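Reviewing the structure listed below.
We call the chains A, B, C, D, E and F, going by the order they appear; numbering starts again at 1 in every chain.
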């Protein structure tokens, strides 16, 4: 490791807040994209299941 | 009868120096229906807008319960329901939202049940929550007509209420008109249809020479 | 007849997962009139827009003289005259100017005499030079209908041509339709009126369950 | 007319207008997008030097905000006129005044307010010195509300006209000028370290005046516009 | 299709659009009034010092002209769509291309051209040095025509939308940027005594490109907008 | 050729094929991104001029590069959709827009944060920065246009037209902004030239760059597959897939 200690790694001689903020926001945005994908996928699946259930109900009547 | 409903005396209007009607006088009491007839461009809409108080391009007198419209405006508007040529609804809102707003304007405190019932009566069950722009021409007109069922009024002024309405719908509306008139309301309407209601009604024909 | 006029095969359309019509097939030859009937919201306008080539929201086939619309578009449009729900005229222009433009669009080289004659036929004598926004609802509709007399076509597709037209006007239009059909034209129209023309005509009713 | 009825009316109109605007989307997002993009155009037009931009920032920001507000104004009564719901507003026994007030308020809530809230970010883009940020936002909040009232008068006067829509900007822009002057000078004063409260107070006075008198003018103008 | 028929079509569309615009009045006068008034607002917003204004004049004039052109664009196909005459344009066997070309040209003739012709006067107002006047006019004549073409694409894409009216600005403004850059820098170059023909030539290239390709995009977009 | 094209155009085939690709993309991209970031954050020596703030580069540059590539991909998909009427292309196009916009936003944000310690200001009107801002506007335009349409097919076609027009303009915009900037050129500000970047600093950048490309590919597949499910919800194969064959 280039830094001598973990606290140095965090402070990065004063520029730490900028660097860590950037990485933090980036991780957040990228993770959000993934989470949104999972949510939408779940919603789509649920919608299709409901559709099929409705169809089955009408055909069995 | 001094305290009659709507009374029109010697009304006169012109447009671009063409006289639409002159010396027009009639009276509309509770329990009466009056049809304004006449070919296109004869001035039916112009007359109705004057009577609704939207237009002041006339000379002559218009009285409500014996008092002139200007003086009696507040009472008159409380009793009047006017449905014009225009859409009368916001296209991005749903039928239900449109009705809610219309009722609030008139201070009519209707629960959603009443409104849904009105929409049901005009044949829009299932379309209550869809934005109006995705409705067909006739369906949009029906949303506007649903106001007849949720806003209390003494006098209906209707400008071609049957436009874009299918035959079944026309019969239904004629029935509503009958019921309203039997219940003591007054109706003033224009239409190019042959009106068939159970009551007697009078017809005033505006100038036939224009078209 | 292979080289028939308009032929529709197994047409299907839905809106918001609601089927408007499915498996719709019919044929419209020269000298025939076909009315599309159905209550409000049953899909008449949607059908007419598809047949006019304005909408591609369908599956199935639409043929003109045996060839599909896409392939035969140029010929088809040369023969088609479509009058829709919309105004079809510019409000700031006069009836005459509106007609001039409509004719130029279709490459119909009409002198003003022909256009004035058309306006005369639809009862707008004296209003030729007035801006359209100062015409009544029915008069505006008549300007749009005047196109029937100055644009040569084989097939008329008319969406509720009688809207806002007075009773005399309706009779006249019915007569024009008769004459056009007798002369070998085809007409496809929707209307909520009871059509009375001198020829036999068929009626296709779209779903009655929607409203 | 009883108090709660009036309140109900105001709430109904507010609710409907805000819902319609949000659903249409364009009404609230357009002024915002316009604000952001035009602020970004200026550096491209006049050059990117930070000190020069910083010098011009208060003026540019205020002029562009004013334009965004002006553009949004045209639609205030236009839609209601076209679909004939304006007739319904006139044809009720309840007073027009609260309806007009509610409509103007709704309009400001979806145009002027978001714009004011976004302004600090645009200040960054134009290198507005940090001391200017708060006065910019405050002056915009107050100022755009005045602009909404003035604009509503113009919109009401011109809504029924088929020819001659030129009028709206012609009528409204001259009336906007005092607001622009006080608004931008508040920000400039703050940057130069001077007191900016006097200018804000002036904007407050404008606001109270507009609140009291503009609705009257708007009501009259609407009646005239419908009756033609 | 024979040549004279196409020409007749173009002339008919041109004639109708120009007459309608002139009769309505707002279409040609609104951008002009906007241009004049906003240019007049700037000295109020940023201060009246002549040398500072002179320095900024090319940028301001060009940005405001661009905005005026943008605002006018929305109405290009909107009216035709609303009154269903756009359907008529699509439902003819004659090609859409010349119609679209004629409409865009008509639009430029009633908005861009008057604006360009008026610009020297506004140059005076903003203390634009004399050497800048001719380049300003020339660059505006060329530039606004490109803006009209680009704007027409956006207008055609959005004309059928009920939500998202001035979504137009979001779509169109980024595409305007090259025109703004070359237009304003032509004027600046002229003021500084440098050659401004290169920039004008560049605008000419943009114009030819837009003339060749924009109508294609517009035709496609119109068909999409009507078919919903 | 045409048969492979057909196969590729079939949503069903694409769904199954992409399903096999997904885990690989996910693992590889996360490895590269996380590994490169850790490497760049903790192990690379500091830049002699900028100190430690240059470490933002390992996220900033990949985001910017992929954002631009994404726009071009989107426009290409749009063209394919318009010319060959391929439905799958429309779905790809719709899927890219939000991802591309997010990445553009990231590059703008990280750039701005980088600017504060190095230039002392959050924002300058540098040519490249300005171009990225315009790219962001272009993305927003496509997204807003898509949302404004009720009808999915019309939305796809309209967005395709806009994306293509935008793509034709991007080189013009970039080039004119570059030219514009060269006119003004405030000397106080300049990017760290490529030559000054030490090779040891470059290697983690390569890792995060590749990682970001793969990550983009992964997201693209995820979103396109959802799009397929939503559009083909009425088909037999989708219903069987979601509810099991044994209904």
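Quick note on the criterion: a residue touches a chain if its C-beta (ideal position, glycine included) is under 8 Å from a C-beta of that chain, and two chains touch if they have at least 3 such contacts.
As the structure is a computational prediction, the values presented were derived from the model and not from experiment.
Counting only chains that touch, the fewest steps needed to get from chain A to chain E is 2.
Chain pairs E-F and B-E differ in how many C-beta pairs are in contact, and the one with more is E-F. Chain centres here are C-alpha means, and the one lying farthest from chain C is A.
Superposition of chain B on chain C using C-alpha atoms only gives a rotation of 180 degrees, nearest 5.
Centre to centre, using the average C-alpha position, chain C and chain F are separated by 49 Å. The centroid of the Cα atoms in chain A and the matching centroid in chain C are 54 Å apart.
Mean C-alpha position of chain D lies 26 Å from that of chain E. Counting partner chains per residue, chain E has residues 23-24, 162-164, 167, 170, 173-174, 177, 181, 227-228 touching two or more of them.
Shared interface positions of chain A, defined as residues touching 2 or more other chains, are absent.
Those residues of chain C in touch with two or more other chains are numbered 56-57, 85, 91-92. Interface residues of chain E facing chain B in the complex, by the touch rule stated above, are 162-163. Contact residues on chain B toward chain D in their complex (touch as defined above): 52-57, 74-75, 77-78, 80, 82, 84-93, 97, 100-102, 104-107, 131. Chain contact summary for the complex, chain E toward chain D: residues 23-26, 29-30, 33-34, 37-38, 41-42, 44-47, 56, 58-60, 62-63, 66-67, 71, 162-167, 169-170, 173-174, 176-177, 180-181, 184. On chain F, the positions that touch chain E within their shared complex are 82, 134, 137-138, 140-141, 144-145, 147-151, 154, 157-158, 161-162, 164-166, 168-169, 172-173, 176-177, 179-180, 183.
Residues 1-3, 9, 12-16, 18-19, 21-23, 25-26, 29-30, 32-34, 37, 40-41, 44-45, 47-49, 51-52, 56 of chain A are the ones that touch chain F when the two sit in their complex.
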